[in-house]
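Have a look at the structure that comes next, please.
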Amino acid sequence: MMMLDENKLAKRKKLRQSIAFGILSTLSYSIIAILFIILSFIIYKGIGVINWNFISQMPEEGMTKGGIYPAIIGTLYLVGGSILFAFPIGVLAAIYMNEYVKDGIFKKIIKQMTNNLAGIPSIVFGLFGMSLFVNKLGFGDSILAGSLTLGLLALPVVIRTTEEALKAVDNTFRQASIGLGASKWETTSKIVLPIAFPNIITGLILSIGRVSGETAPILFTVAAYFLPKLPTSIFDQAMALPYHLYVISTSGTNIEESRPIAYGTALVLIIIVLIANLLANGLRKYFGNKVKMN
Amino acid sequence: MFKIESKNVDFFYGSSQALKNINIAIKPNTVTALIGPSGCGKSTYLRLFNRMNDLIDNTKITGQILIDGEDIYAKGVNVDSLRKKVGMVFQKPNPFPKTIFENVAYGLRVNGISDKKFIEERVETSIKQVALWEEVKDKLKKSAFELSGGQQQRLCIARALAIQPSVILMDEPTSALDPISTSKVEELIYELKSKYTIVIVTHNMQQAGRVSDTTAFFYMGELIEYDNTKNIFTHPKIERTQNYITGRFG
Amino acid sequence: MSHLEVELQQLKAETIKMWTLVNMQLRKGKEALINLDKDLAREVMLSERRVNAYELKLDRDCENIFALFNPVAVDLRCVLAILKINSNLERTGDIAEGIAKFVTNVDNTFDKSLLEITRVVEMYEQAISMMDEVLEAFDKEDTAIARKVFLQDEILDEINIKANKIIANYIRNNTDNVEAALYLLSIIRKLERVGDQSKNMAEEIIFYIEAKVLKHRSVKEQSK
C-alpha cells in the first residue's frame, strides 16, 4: 500500500513539474520567437537593398535611391561622442556617490534625482538640448550638441549600472586595501574599479543600445534631413540612422518608393547595435577573465 | 607589558550599543581567540584594533584601546601607520585582482616603497613565511585567482605580513576553507605566534582550542569570560561559557 | 611537526621522566633491601611525592589535550594509553614506597639464606627489568619488546607461588625471626603486583600502537 501511494505521489509531482516547466518554457520561447519574427521580417524586407553601394554611397534623388553612408557615419559619431561625454562623468559620479558620500539625506536626494532623470521622456531631452546647447551655448545644430544631449540621456544608465557594479564589490576588498595603509583613492582606483570593471562595461553596452536608437533627442539638435556629405567638424550637422529612417518613412518625397531603403536602414541600424554589443561583450569577457573570482 | 589593552570599551552603531564595557589585556606573542554566537560583537571588537570600523558611518567608541601602550583612538593618531602595524586577514580569501607577486607587493607600494630589489626580497620572505613559496614561485606573474581557496588565504596572510605588522587580526580565516587547508592555516597561526601577536575570531570551537593561548567568550556585546584557553575548555568558571562551548546553546 | 604532535611529544617525554623516576625508586628499594639500608629506603619514600606530582601533571596535560585538540585515531589512543599508564606508574610508585616502608620497619636483618631460597632478589631484578623493557617499548614504540614481558611475568608468578611454602617452612624453623619473614612475604606479594602493572602498561602500549585490545586474554594469546 505504502509503496503504491509513494508511486502515485511521485507521478503527480512529475506531472505538476512538467506542466509548470511547459508554461515557463513556452513563455520564454515565445519571447525569442517574437524577436526572431521581427528580425526576420526586417531582414527579409531589407536584405534586398543592402550591398556595398548602399552602405558606402550618398543618398540620391530625394532619398529614393543611393546609399545611407552619411547616416551611418553620423550615428557612429553621435554614439561615440555621447559615450565619450557620459561614460567618464557617469563613472566618476557613481564612484563619488558610492565610495565617498556618507549615507544620509544628501545621498538619497542625488539618487532620487538620478532615477528621475532616467524617467524623463527622450523628447524632453531633445528640447532641453536644443535650448541649452543649440541656442544658449550657440553650438547650433551640430554633432557636439547632439552628442551632449544623447550623453545626458545615457548618463543615468551609466551612473546606475556603475553604482551597482561598485556595490557588488565585496567590502572586504576595500578593507583589505585600507588595512594595508592604502588611501581611499588608491583603494578605489587600484582595487575596486578593476573588480567592478566588467559590470561597468555592461552599463556601457546598455547606454550604447539606448543612444544609437534614439530619434527625439537628435531631432532638434543635430539631425539633418538630407545632407549628402560627411561632417567635417563637431560643429557640423549630420545625418543619423534613426532619424533618417523616421524621415524616409514619414515625410520623404516618395514614401512608397523609398520603403525598401527604410528597411535596409533599419537593418543596418540593428547590425550596428549588434556589433557594438558584441564588441562590448568581448571587452567585458576580457576584463572579467582578468579579475575572475573563485 | 601588554601588547594590546582594552579599557572600558563601549561601541555603538548609531544608537544601538554593540559592545559593553570590554576590558581585555593581551600579552605579546600569543594567540587570542574571540568566540561567541553570531552577532555577539566579537567581529566588531576585532575591527576596533585597526580602526576598520571607522569606515562605517554613524559609529562611536568610548573607552581606550592601547596598542604598545598608545591609545589608538587618541586625537592626532596616524591611522595609516596604525594599520601598517596591525595586519588583517578576512573570512573569505580576498586576493586583489592582480598577480600573485603584486598582491604581496601592494602593501609595500602603497606605503611608498619603490626599490625593486627590496620589494622582491620582502615578497619572497613573506610568501615563504606562509609556506606557499614552493607552490607559487614559478607563477608569481600569474593572477592570484588561479590559486586554490586555501592557497589564496595563505597569500592573503602573506600580503598582510609583507608590511611587517606586529599584530595580526584574523576574522574567521578558515570558515571558507576545506579541512586540509584549514589545518594548514592553523599550523601557520601556531608558527606565526613566535613573531606576532594574533587575535582571531572563530566560530569553530575546536579551532579556538587548537590555536589559541587565551580565549575571550562574548555574548550579546558583553565579555562573559576571558581566561587561558586551557581553563576555558576544561573548567570554565561561568556556566554560560560552559553551555556555549559544549554546544548546549546557540 | 604539527602543534598536536609537539604537544604529544612533550606528553610522552613527561611520561618517560616519571617512568624513569619510578624505576629508580624500585632500584633503590632493591639496594635498600639487600643492604638493609634504611636511609636509602627513606629516600625512596620521599621521592613518592614527586611521583604523585607527576601523576597530577600528566592527568592535567591529558585533559588539556582532549579538550583543546580533540585527538582521534592513533593520537587518541596515545593519550588514552598515557592516561592509564600514568595511573599504573603511580601505583608502581606506591608499591616501591611500600617495600621501602617494610625495609625501614623491620627490626632484625633479613636472613641472607632466606633471601636466597625465596629468590626475592632475582624476583626484584626481574620486575625491574620488566619495567625497563616496557619503558623501552614505550620510548621506541616497539610492540615486540612490549610483548616479551608477558612471558617474563610467569617467572614472577612462579616465585610468588612457591614463596608461601618456603616462608611457612622458614617460620616453623626460625620462630625468632617471624616478623622479618612476614615482611619478606609481603614484599614478594608487592613485587608480583609490579609485574602485573608492567603487563598492564605493555597492553596499553600495544593498544596505542597496534590498536589491539589485549586485556583479559591468556598469556599465549598476549605474547603473539
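Each chain gets a letter, A, B and C, in the order it is written, and its residues are counted from 1.
Going forward, contacts are C-beta pairs under 8 Å (C-beta built on N, C-alpha and C of every residue); 3 or more make two chains touch, one makes a residue touch a chain.
These figures come from a predicted structure and were not determined experimentally.
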item	value
Identity of the most central chain, Cα criterion	B
Label of the chain whose CA centroid is most distant from the centroid of subunit A	C
Separation of mean Cα positions, subunit C and subunit B [Å, integer]	49
Computed distance of Cα centres, subunit B from subunit A, in Å	45
Whole-Å gap between the CA centroids of subunit A and subunit C	89
Contacting residues of subunit B [partner subunit A, same complex]	50, 52, 55, 57-58, 80-81, 83-84, 86-88, 90-94, 96-97, 106-107, 110-111, 143, 145, 149, 152, 156, 159-160, 163
In the complex with subunit B, residue positions of subunit A that touch it	102-104, 170, 172-183, 186, 190-191, 194-195, 290-294
Subunit B residues touching subunit C - in the complex, by the definition given at the top	183, 186-187, 190, 206, 209-211, 229-230, 233-234
Subunit C residues touching subunit B - in the complex, by the definition given at the top	2-4, 63-64, 67-70
